[in-house]
Each structure stands twice: as C-alpha cells, then as structure tokens.
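Each of the next two complexes has chain A plus one other chain: chain B in the first, chain C in the second.
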Partner chain A sequence: MPEIIVKPASLKELWKTLPALGKARRYLAGGTDIVTADNAGAESSECWVDISDLPELGAIKETARALFIGSGVKISAIENSAPARRWCPALIAAIPHFASPSLRNMATLGGNAANGSPCADGVCALVAEGAFVHLAHNGKKRCLPLKDLFLGPKRTALEKDELITAFEVPKTKHFGAYLKLGPRAYFGISKAAVAVSLEMSGKTVKRASIALGSVAPVPFYAVKTSAWLAGKPLSSEVVLAAAALVMTEVSPITDSRSEADYRREMCGVLLERALKSVCR
Partner chain B sequence: MISRNSKSFSLSCRVNGSELEREIPSSRSLLDFIREDLGLKGTKEGCGEGECGACMVLVDGLAVNSCLMMAVQLQGKELVTIEGIKGKDGGLHSLQKTFLAEGAVQCGFCTPGLIIASEALLRRKPDATLEDIKLELTGNLCRCTGYEKVLSAVEKARRK
Partner chain C sequence: MEKLSFVGRSLPRKDALIKAVGTAQYAADRDFAGLLHAAAVRSPRPRIKILSISDAKARLVPGYVTLVTYKDIKGVNKWPVVMQDYPFLPEKEARFAGETVALVVADSARAAKKAAALVELKYQELPFVEDPLQALKKDAVKIHGKDNVFSSFVIKKGSVDKAFANAAFTVEGEFSTNYQVHSYLETQGAIALPEADGGMTVHSSTQCPFYVLDAVAAALALPYHKVKILQTVTGGGFGGKEDVPALVASHAALCAAKTGRPVKLIYGRKEDFQSMSKRHPGWAKVAYAADAKGNLTACRVKYVLDGGAYSTLSAIVLWRGTVHAAGPYKIANVDIQTFAAATNKVPCGAFRGFGQPQICFAQESLIDELAEKAGLDPVQFRLKNLLEPGDKTVTGQKLNSSCGLKELVQAVRKRSGWDKKVNSLSVKGDIATGIGFSAAYYGVGLGAKGRYLDRAGALVNVYKDSSVAVNVGNAEMGQGALTVLAQITAETLNAPYESVRVEEVDSSKVPDSGPTVASRTTLMSGNAIIEAATPIRERVFKTAYDILIAEGADASKPMTAAGGVFSMGGKAVDFKKAVSGCWDRRLKMSEQGWYVAPRTTFKMEDGQGDAYVIYSYSADAAEVEVDLKTGVARVKKIWAAYDVGKIVNPKLAMGQAQGGILQGMSWAMYENLVYKNGIMVNPNFTDYVIATSADKPEYDITFIEKPYAEGPYKAKGMGEVPLIGVAPAVANAIRNACGARVRSVPLLPEKIWKELKKV
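Entry: the complex of A and B
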C-alpha cells in the first residue's frame, strides 16, 4: 500500500495539493486496476491521490454536438444513462462484457484508459465511437483523439500528473456493436474483441469505425478496414472482404491468454459477426 | 477536508445504519477497515483481486469489492456489510432464510458476498429473472455448491 492517500475535494484543491506532495504519486479512481496491482506487489508509488469523488469528473453532459462522459463516472452509471444509450451504442454493447457487476460499480473509463491496457473493453469501444479524450494539468488543457493516447502496452501519452477529465463522443446517429471472445461468456479478459460503429445511408456504409482489443500493443483502431468500408454497400461479399482485410491489419501475439494465429483468425470472425448484426 | 501530507484521515460515514467518525491511516483498504478496525468479520478476503466476491459489501446501495476499495473512498457514504443485512423483525433476512432452506451454504466462505450481491440485485430489480440472477452473480465464486442451490435460493427469496 502507498504510505499516504490524499483526497482533494475539488480540482482546484487537487492542483494546489500536488506540488506539496513531492513524492512518486499516482491517481486512484475506481481502484480496480491499481489496488489489484498493489495487492499483487506490482505497484510501488508512495502516494495515491484519490480522485474518485471529484465532482468535476463525475457527470455525463450533453451539448448540441457532443456527449461528454466524465472520466470518473462509474461504468454501471454509464449503462443506465439515457444519453449514453442513445449516442454510444458500441460502448453500451461493451458494458456487459466489462469485468463483473460489482467491478462495474467501481471502475471508471478514465481508469480504463489511463491503465493503458490493450484489452480494455471500455476504451476499445470508445475508440470505435470516435471519442476524444480531454486532459488537464493545472491550468493547461488539451484534447486528442482517444486512439492517440496509447503508445504501447501500459504506456500512454499522459504526462506526469496529467489528468483525464472527460471523453467526448460526437453526436452522430450510428449503429454500434461490441463482440468479445474470452475464456467464458462473461467476466474474463479477452483473447480478441471487436468494436464497430457504422453510420449508414440506406444499405450503404457512410462511415465505418472499427477498433479491436487484445490483438495489438494498444487498443487498436483499424484504419485501413474502416476507410475501405466507407461508401460500400453492406453485402455479404463486402462483409467477408472486410473480415479478411482486418486480419492483415492486426498484430496479435501469443501469450498466456491465447495464440497469435487464433487471435488473428478470430478478428475476422468477430468483425464478420458484428457487421452482420448491423445488417439485421 | 484532509490535513495535507498527513498520514491519517478523518473518515465520516454510515456503517450498518449508524453514523461513524474515525481517524484512520489514509492508506487503509476498505476490507481491512471493516475486518480489523470495525471487527466485522463477516466480510471475507478471498482472492484480493476482485475475482471471487467474498469481500462484497454495499456502498450507497451498490455491491462493491471491498478488497479493491480504499477506506478513504467511503467518505460521506453509507456502508452495509453482511452484519447489516437483517429481516424486518431483526432476525434472518429472507435471502438468509432461503439460502439455509435450499442448502445453498456449505463451507460458507462465499455466502456473505453472495447474499450481498443478491440483495443488491433484488433491491434494484425485485422481479429479477433467473438470467438476471446468473449475470449478477458472475463475480461471486463458490467452490462447494455448484451454484444451482444458490440460484434457486435467490429465486425463492424473490418470491417472498
């Protein structure tokens, strides 16, 4: 355990508190990753800064053009949010596959992203939703496409003390799907996962956005397959060709959870099923 | 709210219906706070990584894994442990009665977590289906019963 946990009451207090800490420190949000790592002896920061109750991170807000999901909103609260259900169908489809019900009462999208794991279900779905991530560090703010936050396994573009404040999802009418292959139907870490967001014009794809989990060093945005699908009718031939193309884009590895060849094959299968679910 | 750089934390919360104020080490886990500081031993430590559900408690009515939560995160909230789950007459809760009647308790280590998770579900969804019950209990491992008796116990409690 860290030597100390501090709990600022507001963002303003957080920025005032940080310099005074002067120690190796990390943020504590839902705790489901960082405390697990600590319990396993794999986390050694001297100080945690508890951001789990910061009011500025805990709301879902809607503007005319976008939905803003606070980085501290619990996954189970997103599942019950009417605007999230309306504008983030791929994310909503991912939630039943995100850990277990009790962990969803604790975990947040901010933690899911900051942890930087290639298998993060919430992040993979949000990348497909075309989300942007808003970051803050004291007075400085920046916003980048979520897919650009990830640099490698457990490595992100977050700078020291930089905080994820919200995820912005553009309000476009689209279909969404999330399919995950794990060791069992629920509550397992994925061997491969596919998130799809499709804007359709009749039976033709207007815009496609495909992201995959656990098959690359980062939550992976399939840039080639997404671009290739745009403007095409969603026929069975197109679905099969997209499935074949996505298999050439991913770079899975063999590890304790699955094998590279199997994972690659399953990316095709999962994408085919996800696209067919949209056709229906 | 906190004295900066202080290693202790003034925790103020509700525990099983009573107000509680306590100075605690700021890095106390919620599970240790419950078991060691409050002496409420009904909440168990199983895996320590959120897989087994033996440590489940209700925080503001939601089931959470206390092994992965820190005590400071309880600030201003309401904690209910298995000791706070009672029937209206102060005796056994309907879930506790059906768990006993159905033989859903063998070694008993997972039982507090299973009762907590089931209670969270039935509060939210009094007419939960068998499928709802199965999904809600995905985070609770039981190595004795094979789950069938647990599922029928929750179904029977639902009807009461």
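Entry: the complex of A and C
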C-alpha cells in the first residue's frame, strides 16, 4: 500500500489536488482490484486518490433517452435500482456472477472498467448494453462507446488522471442475458462469459449486441455475430449458426485459469444457451 | 458400555466465545514492548548459486535495523526435521523459488517488507528439475543424492506375476493428483522474545510446538531448558502447521537473538503459498487382478510423490501412502513400490490424509474399473473383498474387532439408494446425474515409521477452588482438541465440564508429546490425561465417599458419580466440596500422565508388520451432476459413514466430517496450483480456487462406533478420515453419469470435456 492516500471531497477539489501529488498515482474506487493487486505485490503507486465517495460519481440518473450510471455507484446499488433493472437487463443478469455479495458492496463499474481486465463481468455486460463511457479530465470532457475504451489486457484509452464519470445506456426495450463459466459455483474469475442484448420485433431479431469476457485481450464486442443476427428469426438453426460464428470471432488463450480450445467452444455453448433463454 | 456424563455429548466448544467475538489472540495480535518486525528475502528462481547478499540499499529505508543471514546462526545450520537436509538459511545454494535466503529486521512490518525488497541478491542460475518422474530418470539433473530419491518403500507379499498371469480380470491405469494448499485462515507467524538469561521464548502458530522447540534450540545452540515455546491460538493447520512453523519460528528467533529485541515474523499470503508446505502432487500406476468370481488376487503399485526441494516430511508421508496403497482389501499377492522424488519446487509435507488421498484416488477409481470388467456392481465387488475383523492387511497385520468397514459400506449403500441409482441413467437436457462409491481405511497415529515420536504427556492440576487446569503437548488448531480433552478430563474426574480448562501448549509444562497430526490427539493426549487424572480421581472419590458417610449417607448401596456430583444413600456432594476436602487432607491434586502407543512394526525389506495400532474406516457415495456440453460437474450430495470408535463430541465430529468432505471435494474438483518453469503461477486466492459454501454438497453422515479398547473412552481417531475417500467417489460418479473417466485430480471441467469427446 502506498504511503499516501488522499481523499478529495468533490471533483473540484480533486482537480485542484492532483498536481501536487506524486506522479505514480492511481485512483482508488471500490479497491477490489487495486488492493488485491497490492497484496500480490503487483501495485507500486506512490499515492492512491480515493474517489470512492465523490458525490458527482455516485448517482444513477434517468433522462428521457438514457440511463446514466455514475462510475462510483456500488454494484449492489445497481442491483437494487429499479431503472437499472428496467433498462439494463444484461447488466442485471451479470450481477449475481459479479464477485461476492461483500465485494459487490465495495466494487464499482468505474473501477471495473478502468482496471481494463478482459474478464470484468460488469463491463462485459455493459458493452453488450451498447453503453457509452463519459470521461473527464479537469475541465475537459469526452464520451466514447465503452467497447472503444479497451486497447489490450489492462490497457485502456484513459489518459493520465482522466476519470470515468459515468456510463450511459440508451433506453431501448430489449432482452438481456449473461452467462458465465467460472471456476466454481460463484465468486470466481470467468473462463468464458457471454452477455447478450437483443431488441426483438416479434420473433425476429431487430438488433443484437453480443459481448464476451475472458476470451480476447479486451472485453470483446462480437461485431460479426451481432451484425449477422440482425434481421434473422431466432430459430434453433439461427441460434446454432450464431454459436458457430462467435467461436470464429474470439481469440482465447491458455493460462492457469483455462485452456484456449475449451474456452472457444464454451463461447458457442454459452451464446447458444443465452439466445435460447431469450427465445423462452 | 458405562454411563458417561461428558464424553459422547455435544458440549459447547471451549474456544467458541473468544473466536466468535474476536478476542482470540493469534500470533499477529500479540504485542510486546520494543517489538521489531522481520521480513524474508526470497529466492526468485528455482535453483540458484548465491553469489552475494547486500543490504546497501535496504539500509536507507527509515526504521531499518539489520540483515540476518546464515552467518548469524550460532548452532548447526540444519533444521532438525527427519532427514535434516534443509538449512535454516542457505549458504551457497537456494533450491526453490520462494526459499528464504535472508531476513530483514526493521521497526515496523512495513519498513521490513520495503527493505527486504531492496536487498540485493546476486546469483547465478543453476539447472533445475521440475517434474518428479523426470527427476527419477538416470540422466536427470541431480539435486539430492545420486538419484533424487528422498525415500523409497516396498511392500511385497506372495507371487504377483503369477497371480496376474492366472487372473480372470485385470486392470491397469495411471493416475495423477495435484498439490493442495492448506488455505488456513491464519498465515504462518511467530514472535521470538529474548530472555535476560540468554534464553528465548517463542510464541508460535503451530500444531507441533515440540518441533518448534527442537528447531529454535538447534538454530540458537541453546539447551532446551532455556527455550520455551508457547503455542498461540492457531487459525487452522490441516498439516500445514506441522513442520514449517519451526522454520518460521527459528527465523524469528535468529532475528531476536541478533537484535536482542522481540521480533515478530508474520507471513503474507503470497509468500505463504510460495514457501510453506503443500499436499504432495502424486503419480501412480496401479494394477489389480481378480479371479472369475471377482475376488481380488493381486495388486501392483508404483507410487511417486513430488517432494519438492527438501525432504522435510516426505519420507513419512510416503510411508503412510505405501501402507494404504492397495486399499482396504484382502489381497494375497502384493507388490508396492513407492518413491518420494526431489524437485526444485516448494517442499511438500503434511496435509490431512498424509499421502493417502492421492493413492486412494488412483486405487479406488481402478477398483470401479475392475468391478465393471468383472461384471459386478462396484459396491458388491467391494463387499466381496473388503477387510473384516480377523483379516490381514497387505502388511500382514491382523485386524481386531474394531473394524466396521462392511457395515459402513452397507449403511451408505442403503442411505444413498445406491442399488436403484447406479444402473438408472439420468439425463435431463444437457445434465447427466450419476453416483459413485469409495471405501478407505486409515491407520490412526504415527504407526511404525513414527513410533519413537508416538507418546504424549499431560499435566492435570486441580486447584483448591476445584477449577481444573490441563496442559497437554498436542495442539488445538480449530479441530476441537481443547473441548474434547476437557470432556475426557471432566469424565475421568467427575468434574463439571465448565470447571475444566485445557490450555494451548506450553513446552515447559509437559514433556515432548510428538506432533499434533495423524488424527492422534484424542487417542494420545486423551489417554495421557486419563493416566494423570486417575490417581486424582481416586483421591476425590474417596474423599467424596468419606464426606457422604460423615453426612450420614446410607452406605448399603454404592456411591454413584455423574455430572460432577457424588451421590449415595440419599445424600449428595458436589465436586467442589470433594476437592475442598482433598485439599484439607493435603492430598496431591496435581499429576503427570504419559501414554505410549502400543508397539508397531514394519520390515523395510518386504513391508510386513503391524503398521498401525488401530484403523479407522470410511465409506463414501457421491451424487454428481455433469453438464455434458461444458464438462462442469457439481457434487450434489455425499453420503458418508465412519467408524472412528467412540465419538467424544458428536457435534464436533459432525463438523470434522463436513469439513473433511468439503476439503476433499475442493481438492478433487477445484484446487489447481500451477507451476511453470519452476515458478508458482497462482500463489493467491484469486486464481487458486477453493470450494465456497455455495459449492457445498448436501451431507448425509453416519457414525458407526466400533469401540477401541485401548482408546480413551473407546475412541480412535477422526480428523483426516473424512477427506480421504471423497475424490474417487466423485470421479466414479462422473464416470457413472457420463462415461468420462478422468484420471487426474482436480477433475476440472476442461478434463471432463475432453473425455466426453471420446465417449
């Protein structure tokens, strides 16, 4: 753990404080990744900037067109939010797979995204939800499709000191599903995970958005499979074909958590099951 | 059986309250004036020649005190454990990644860690060996002796080749099992306090305080009477606090001796993973032969354990595995050969089951295959061949009447609905359900190979207020020793349970009682307590009788003693008053007890002899669901039955059973420590996955108590028994569910998925 942890009371104070701090500084949100990394000896910041209670990051707001989830909102608060339950079915489906109840009381989507891990359950689901990410750096603000935030394992488009302020999910009526293959019944890092968001018109897919976790260097948006599904009836043939297609899109690796071939095939199995759950 | 007041009852744990409210003092919780903190400097590579160690940069850390290396060792630089090949601190060569090469002392734990990271270790990498089977090959890099063999045993009986040649059915298979990490909640830790007379007092989280005593005295070159070991409340052991706490405590003591101040050394989880003992990975090639009727005729086993860089306990772990390698069966012809191999990885040691679970997985999986070949139901096949009272084990030991194995198997068979389930295929959608069986036996105590350590002492001291203090040499580590031993004391003295206090071990109060391992504490310390308490009992009973007579009791009927009260002829006197009477008479109210295990034997040439004093037994049935597309298996229910003799505390026994099953299932299904090029890849609980309560199967547990005449109130031993048979029962259930036979633990979905593709 670094020698210094500072905790500004507001965004304004944050921007004022930053220049005076040591260069090797990191934001501390829920701490569930950074403290674990620190315990493992993989974190060497001189200073942590604790943003966990910044009021500007802590709310869920609904507008006519979109839902804004503050980057500092605890996962358990999202789980209990009625608008989130209405407009983010894939994200809500992912929450029971997200770590453990106690960690969900600490963890945030902002921290989850900034950590840049390809296995982040909440982030993978949000990519499927077609979310945008709002970033701020002092006075400067910008907004990206969330899928474009990720550049590689643990690498993001975030610039130094740039802060994720919120996620914007367009309000569209859609079905969502999240299926994960973890190492045990719950509370584990996925070997493979699939998030699906489907806008349906009767039995036909109007828009499909599929994201996968732990099977590519980043939380992976399956461009081909998502596009291929649009306009197709959700028949069992189409489901199987989509499952076969998604296996060609992913690029899993073998590591201590699982094996590449297995992961690839599981992407198909999970997508098939996720799409079937929507059919029902 | 005699009527008992305290033994056989689910009395509350003696340590329940302090653990529940958080006041228990673990090693890290203790503080002393002037306390310094130590941190280890560790080898980064599998095998290195140490060129130099410099603290030039570490010295700049505020609070830095000193660097401790092998040069600071006053005694002989050999940790006294079994073969003594492990130096307290390496001089020229470090043999596994994570080995402590030096220690840094500073005025805070934080400063010590920071400074340790800045110590410059200059080294040259040496060729290393990672795989135990490779290590045994002639052309392997030699890191131990001429052949990399720490130890080797044989059991030979009959004519195995002939029996295989004449067999109606034979099976052969290769099996392997991976490491298991003890995953105790409390990492390793010790505090050493230098005493004014040059002595050393050590507070240690340990299950073997006398191993700590041996090591600290050796490292500091002190006579034993100047070293005192106080066991702290110990947050889990499972074998992981058998040998290695002695190393941790010696390191703390070396730092304390050099600085003249108290030194605390508490391990982080990562270094605990990297350097502390583990369950040995195992490899086995097993073959069985049976005649046309399905009677086992022969067994051939080659069993190899991956010992790691130093031998530590490998020899005795291997020996237990050797004795039990053929399974709990009557077999006339046996050829068992076993080896513990040296590799440049973390030294492996004791873990609940101690070399048995690995080979049990292999042989009990293979027994199912043999039953299948012989066209017999796996339970029927076992019933035909299981050991019964009067039968001889593979070492030629004749079993006495305390053997309920067949009854256990029948109980599990009936309770699990085996006969109906085993042949009914159940597939719903992608989910197949199956059931699997296993049976096992377990030699209680240290057995012939550890017989010189198989003794235990006790000190029972009854104060004049009638409170009773008991000191033993075996440790509470969560298993319930304080409670069970208090029950045995209360029963023997007819003292109220609440008035008995058993303390954590203080090495100055009791003689060396051997290690707290091998499910031996109830048996050994229990018997030592009975020996100590019996003369006091006689004095208390006589005094109570005299008081009752003096109070005018009718002496025509005998006095009864129950629940802390003595009664006769309508009068009663309680324990307190009886004790007060004893003190008035100036009777001796403090006694030492000593118990030595009955003789055991083992001939090195052919492995024949009475290997253990007594055996406990288990039978398991597992019901498993397998997802046919993902290979994910889930254990739904375990039916288990145990014969561990008399149950002293049913609730604690149930806890041991459930915990053992879950730990066994966790090893069987999930736990996967990965090494790559001699480096541990996942030394953390993020990627080393253990079962959680969400993975817990439903339990159905039965005890069948076959009394052991030598045991305290007829008890045997229980701690390790429930873990041993779980893995093969689960593997056999997976096979029954979906046809996939996985021959390596953990039974990961990836492996089941690969096997499913072959089915």
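Things worth noting here:
What we mean here is this: the second predicted complex is superposed on the first by the 279 of 280 C-alpha atoms of A that agree within 3 Å, B and C clash if a C-alpha of one lies under 4 Å from a C-alpha of the other, contacts with A are read in each partner's own complex, and residues count from 1 in each chain.
Rule of thumb we're sticking to: a residue touches a chain if its C-beta (ideal position, glycine included) is under 8 Å from a C-beta of that chain, and two chains touch if they have at least 3 such contacts.
Keep in mind the model is a prediction, meaning the values are calculated, not measured.
When both complexes are overlaid on chain A, the residue A:V35 reaches chain B alone and has no touch with chain C. In the superposition on chain A, contact is made by A:P2 with chain B only, not with chain C.
Contacts of A:F187 after superposition: both chain B and chain C are touched.
In the superposition on chain A, contact is made by A:P96 with chain B only, not with chain C. In the superposition on chain A, A:M266 makes contact with chain C only, not with chain B. Set side by side, chain B and chain C differ in how many residues of chain A they touch, and the one touching more is B. In the superposition on chain A, contact is made by A:L21 with chain B only, not with chain C. When the two complexes are overlaid on their common chain A, residue A:S258 makes contact with chain C while staying clear of chain B.
Residues 36, 39-40, 186-187 of chain A lie in contact with chain B in one complex and with chain C in the other.
The part of chain C that touches chain A in the complex is made up of residues 268-270, 629-632, 634, 669-670, 672, 674, 681-684, 686-687, 689, 691-692, 694-695, 749-750, 753.
For chain B in complex with chain A, the touching residues are 1-2, 4-7, 9, 26-27, 29, 48-50, 53, 56, 59, 62-65, 67-70, 72-73, 75-76, 117, 120, 135-136, 138-139. Those residues of chain A lying in contact with chain C across their complex are 36, 39-41, 181, 183-189, 191, 256-259, 262, 265-266, 269. Every residue of chain A that touches chain B in the complex is listed here, in rising order: 1-9, 13, 17, 20-21, 28, 31-32, 35-36, 39-40, 48, 50, 52-53, 76, 96, 99-103, 105-106, 186-187.
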